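What follows are several structures.
One chain, chain A, links the two complexes that follow: it is found with chain B in the first and with chain C in the second.
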Partner chain A sequence: MTRLLRNNGWVVGLSILLVVLFVATRIIQPQYGAGDFGSLVRAVLPYAFAVAAQTVVVIAGGIDLSVAAMMALTSVTAASMMAGASEEYALFVVPFVLAMGFTLGAVNGLLIVVTRVPDIVVTLATLFILQGAALLVLDAPGGGIAEWLKNLIVGTVPISGIPDTIDAWIPKALLLLGVLLCIVWIPLRRSRLGLSIYAIGSNQLAAFRSGVPVARTKIMAYAIAGLFAAMGGISLTMSTGIGAPIPGPYLLASVAAVVLGGVALGGGKGGLLGPIIAVFVLRLLRTDLTLLAIDPNVTAIVEGTIMVVVVMFGAFITMRSRSS
Partner chain B sequence: MKKLTRIGLAAIGATMLASAGYAQEYTIGVSNTVQGNGWREEMICAIKAQALASGKVAKLNIAHRNTDAAGQLEDLRNLISAKVNAIVVNPADPAGIQAALKEATDAGIVVVAVDQAVTEPSAYIISNNQEQYAYLGAKWLFETMGGKGSVVYMRGAAGASADSDRDKGFKKALAEFPDVKVAQEVFTGWQQDQGKQQILDYIATGVPFDGIWTSGIDNVIVDALVESQAKLVPVVGADNAGFVGQLNSVAGLKGAAVTNPGSIGGAGVTLALQILEGKKPAQQTVLVEPALWENVTDAGKEQLKAAADPSLSPEWPVSISINDWTSYTKDQIVACKGPGE
Partner chain C sequence: MTKQPLLDATGVAKRYGAVAALKNASLSLLPGEVHALMGANGAGKSTLVKILTGAISANSGRILLRGEERDIRSPANARRAGLVPVYQEPSLIPDLDILSNLRLTRTPVEPFREWVRELGVPDLDLRETARDVPLAIQRVLDLARALAVEPDVLLLDEMTAALPANLAERVLDVVRRQSKTGRSVIFISHRFVEIAALCDRATVLRDGETVGVVDIAPGVEERIVELMLGAKVDKRRAAQTRSGPEARPEGRTRIAVRSLRVGAKLHDVSFDLRDGEVAGVVALEGQGQDELFAALAGSIKPDGGIIEVDGQAVRFTHPADAIEAGIAYVPGDRTEALAMQQSVRENIALPFSAVFRNWGPINRRREDAAVQSAIERLQIDTRAQREVQRLSGGNQQKVTIARWIAADARTLLCFDPTRGIDVGTKQEIYKLLRQLADQGKSILFYTSELEEIQLVCDRAIVIFGGRVVDVLPVGIADEAALTRAAYGLPRDASADVGILAHHAASDRAVTP
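This part shows the complex of A and B:
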């Protein structure tokens, strides 16, 4: 138990912070209920996928600046393909767009491996390319989406054996998020590839000398990031019903949540749960600031300050526990 | 003396009664997704000033940040959680925020979209007519160019709906003048620095042009023409204080300002309050039509002189109020303070 706590101390700490924030939210707005929680999860959705994408790459020792642009491109592609099409056609569009994200991510990785140009430069270049490509697909927000896809994140799903009052707190969007993240992350974490991703992030040379295929692992890490980004893009279209070619604020938010989630920016350390909880913390913080009617020009300062304080506090605790 | 005091007391009593009648009862939520742009800041200040001047708003919950449609959905849902009575929203996208607008009206919240339209039928819309905005200015520009020549077309932000509406109006005018060609089409992103850089780059190519149409990034364009001593071609912009000042003062500059009041935000508050008090407008959509002020005719010069206001920030539109829709004073909107601030 203590070992589990020590190994996951950061995640536990973040979870406590999240619970504290929920209590604070209930105090600020006593009527904050299940429906409001559903809204929170829907707001979390695109951020969570962006963060998942960033997490995989950062663990592998890289950084992906093209996350938000990739989301914009996959979102407009999905929206323009589904506009006016039949409901069944979406069954083809979703895997197509996911495959597209995976491929584009792999291209990112390939460019980094082949050209040996630093990650930050390559993904900055692809950021602009993907952004331009998104405008080629749709020059203005538009497109459409199949109704059933839209409904996947609206409301709750009745689960037998769970009373309605609890069930109301399990929105569909949360289930969808959990299922999609687990489908990719759990097998990855347990596979040889997952181990290699941690290995190259931790020490690329040592990993290479131990026989880890560094190039292939790096390409796969970026490809998986592309897959998550495509999920994020589709989730954007699911919540708005359209595709927007101008990328949203997901790049910086993803880096912020990765750091807040206890993933070392140097690579090799951390998991996916921390960053996902961090996204909930950041979104709930935004809710509280709106509920409190804080001056909008101050909210960004408050968000940034809290983030720095939490990360500094976390680093301090980690240092203390290591030295003792 | 005694009598005077009595009158004074009566007057105080009357004001107290009057203010009791105007109970501050409503909470209004605001959602806006472009921060740090002069027009949008004026809109927010107009909302605050009108809320204060109406005396009927107890609190404003303002969600004002740079984000996309998905982020606006989040903000709108947070405002629903905050149980506001009405929401004034400048939509990031007409269709993209429909789900949250419907949730709001289902929850009994009055929704008023300002500046741009929304597709949600239960929402009220009070907006500047963006297509007409572009058409009026472009038509004037092409006429002033003598119906022929090449024009630099400096648009807003790629993908924004106000930009695509304006593009429709611009193209409509262009179709009426077959001898006018677009020499260069660029997106300024409604950013001053970007627009100025783009026009400087174009001037540096040495390719001649006969006119510039801008989507409201205007005063820096005139600055660029003057600084680089390029030919002063006719320029069309918005009624931003800086540009209106230039139309009055820069020698040899022909130009026109098309009104696009940021004070539409204040009008949105007024409309929301009217609906909350049971006075619904006849139509779901109220359009504010733009006007054009040019500095070629004497009548136009008069309008520009009257409109000029050097005390405002150069990026703020000079039309800081809208007749029948706003009741705040200039000091109130410049102070930019809402109820309780």
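This part shows the complex of A and C:
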């Protein structure tokens, strides 16, 4: 039990912070209800996938600056392919775009491994390349999406055995996010590949000596990040109904949530749950500050300050518990 | 019974650019044998080990495993071929728990558990994160992990160096039994006692070549030392020593070190450094010399003991404190000391403009004068002075020394300052150090090239296993004597003294 708490202390702490924020939201805005929560989750969706992508790469000891650009490209690709096409065609588009994200991510990894150029430089370069490619696919926001995909994140599904009042608080978007993240993350976490990703992030030399194929593992980490980014791109199109070629604010938000989520930027440490909760914390915080009618510029300052304070506090706690 | 070698490596060579790390190494390992791999610093031991375990690949050479040619391209490959290494530094992934570490290398858990118990760690929690396990236990876990896969060839690189005596005893015992089951062990150690107690044969490397294979028998250590040094022994014995070092009067004690203890490597070191002397420090790799120099230079804090400067006990918390006390550190790796893209002038002037109270405008004229005189004094080739990185290695090293001459440091801590520079510049640096000493400055000089001791130093402090084992006057500090001392062998060892005489040697070193 104590070990569980020690190893997951960060996640527990973040969850408490999230609950506190919810309570604060209800105090500020007593009529904040299930519908508002649903739109929060829909807004969080692309952020959450960007964070998942970044988390995998950071755990492997790298960083991916091309996340947002990758999301833009996959989003416009999906939107332009589905524009005016039949509903069934989307069944082909979704796996195609996911495969595209996976491949582009793998290319990122391949470039880093083969050229030995630092990851930050390679992904910065691919950021520009993907950004340009997105504009080639669609030079202005446009395209379309299959209705059933759009409906996938609107409203709730009735779950038998759960009263409606609670069910209303479980929007489809949240279920979709949970299912998609689990489908990729849980098998990964239990496989040797997942172990290897943690290993190369923790200590590359030791991993190499333990017989881990370092290059292949790194490529796979970036490929999985690409897959998550493609999910993020599709979710963008799902929530807006169109594709936008200019990348959104997802890159810096993803790094922020990764750090706040207890993943060491040096690699090897942390999980997926922390960053996902962190991204909810950051978005809900922004909602609260908006509800309080605080100047948006001040909002950004508050967000930055909270991040530094939380990370410092966390490091302080870890140091204390280690020395005792 | 004819014995086919289990592992047979011949003609192994490895080049890094123009530098040959290994020229022609060979190693033949019989089944069931414990085989020592020996050689002085830089002889190529670690390169050979890395090649055998697939960490790097050789440029040429043949490696036969049970008579079959094998191409070991990666550590995973070597593992599958039955070659499992235990390296000097722990190789568990620090952020994973032990169980995950086992899964990563596909190590069966039950045998691992048994070996861990066997090695003297009864209560191990497999859910513990590797980072939280004490270092000595991590070494044991490394070994247990290797043993659990029942390797044909076990490579132990300085395995016992970081172990407390009781664990080391257990480890040696397990290794000895391992060989009884027909498996072989390659054993690398600087401790003759262990080698005598454990090994059947030894392969000796010198300058990247295998120079001999000897059976371990009492008295063989002399032969091994000879092999490690080669023709150098005779050459050095004939060479004349520097004239009249004893003639000078003894200076005041500048730095006094008493029972200094730093980290896990340096246990108990005491010596004095006087004004006007160059004291040599001799040690095999990783005997605590790095920690000693870092503590004196103020970059790490000692765990115990006293450092006195001019009779005053000091506690350095930052290199600036040491510099303030006139103690300057000259590292062997020049990239550690220089701002490579900056000019020679800026590099030399750095220490006297880096102090906080001097952050105001720079007095250009005074700085220029100091820098210029230092450049002339050291005859630094200034044709490429705009960027230090374009200077030759020797000239770069001169810049690192010039900086402290310009800053008028009273004590220089030179850590292998002539590493990788040409012979001519080496001579100039020797001369310079001597001149500085004659002016009353004090110099502590660690070198991995033993012949430099007699060229530069007034005496040699020998460190082994984190302790001062001997202080040799320069007259008798030839390479053979230094090598013997550096391996912890008694000073007057002769052919008829058995290897186990080491115990006597260490006893003597401990008693004052």
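Note that in this section the second predicted complex is superposed on the first by the 324 of 324 C-alpha atoms of A that agree within 3 Å, B and C clash if a C-alpha of one lies under 4 Å from a C-alpha of the other, contacts with A are read in each partner's own complex, and residues count from 1 in each chain.
Just so it is clear, a contact is a pair of C-beta atoms (placed from the backbone, for glycine too) under 8 Å apart; a residue touches a chain by one contact, two chains touch by 3 or more.
All values derive from a computational prediction rather than experimental measurement.
**Q** Please indicate which partner A:240 is in contact with in the superposed arrangement: first for chain B, second for chain C, both, or neither.
**A** The answer is first: A:240 touches chain B but not chain C.
**Q** Could you say whether A:14 touches chain B, chain C, both of them, or neither, answering first, second, both or neither?
**A** In the superposed model, A:14 contacts neither chain B nor chain C.
**Q** When the two structures are laid over each other on chain A, which of chain B and chain C touches more residues of chain A?
**A** B
**Q** Give one of first, second, both or neither to describe whether A:202 is in contact with chain B, with chain C, with both, or with none.
**A** In the superposition, A:202 contacts chain C only.
**Q** Touch check for A:210: first (chain B), second (chain C), both, or neither?
**A** So A:210 only meets chain C here.
**Q** In the overlay, answer first, second, both or neither for which of chain B and chain C A:248 touches.
**A** first
**Q** Can A:230 be said to touch chain B (first), chain C (second), both, or neither?
**A** Touch status of A:230: no partner.
**Q** Spell out the part of chain B that touches chain A in their complex, as residue ranges.
**A** Going through chain B, the ones touching chain A are 35, 44, 59-71, 73-75, 77-83, 92-93, 95-99, 157-161, 163-164.
**Q** In their shared complex, at which residues does chain C touch chain A?
**A** For chain C paired with chain A, touching residues are 53, 55, 74-76, 79, 85, 87, 90-96, 100-101, 103-105, 127.
**Q** Which residues of chain A touch chain C in their complex?
**A** Per the touch definition, chain A meets chain C at residues 3, 192, 195-196, 198-199, 201-203, 206-213, 268-269.
**Q** Residue numbers of chain A touching chain B in their complex, please.
**A** Listed in rising order, the residues of chain A that touch chain B are 29, 31-32, 36, 39-40, 42-43, 46, 135, 138-142, 154, 236, 239-242, 244-249, 283, 286-287, 290-291, 293, 295-297, 299-300.
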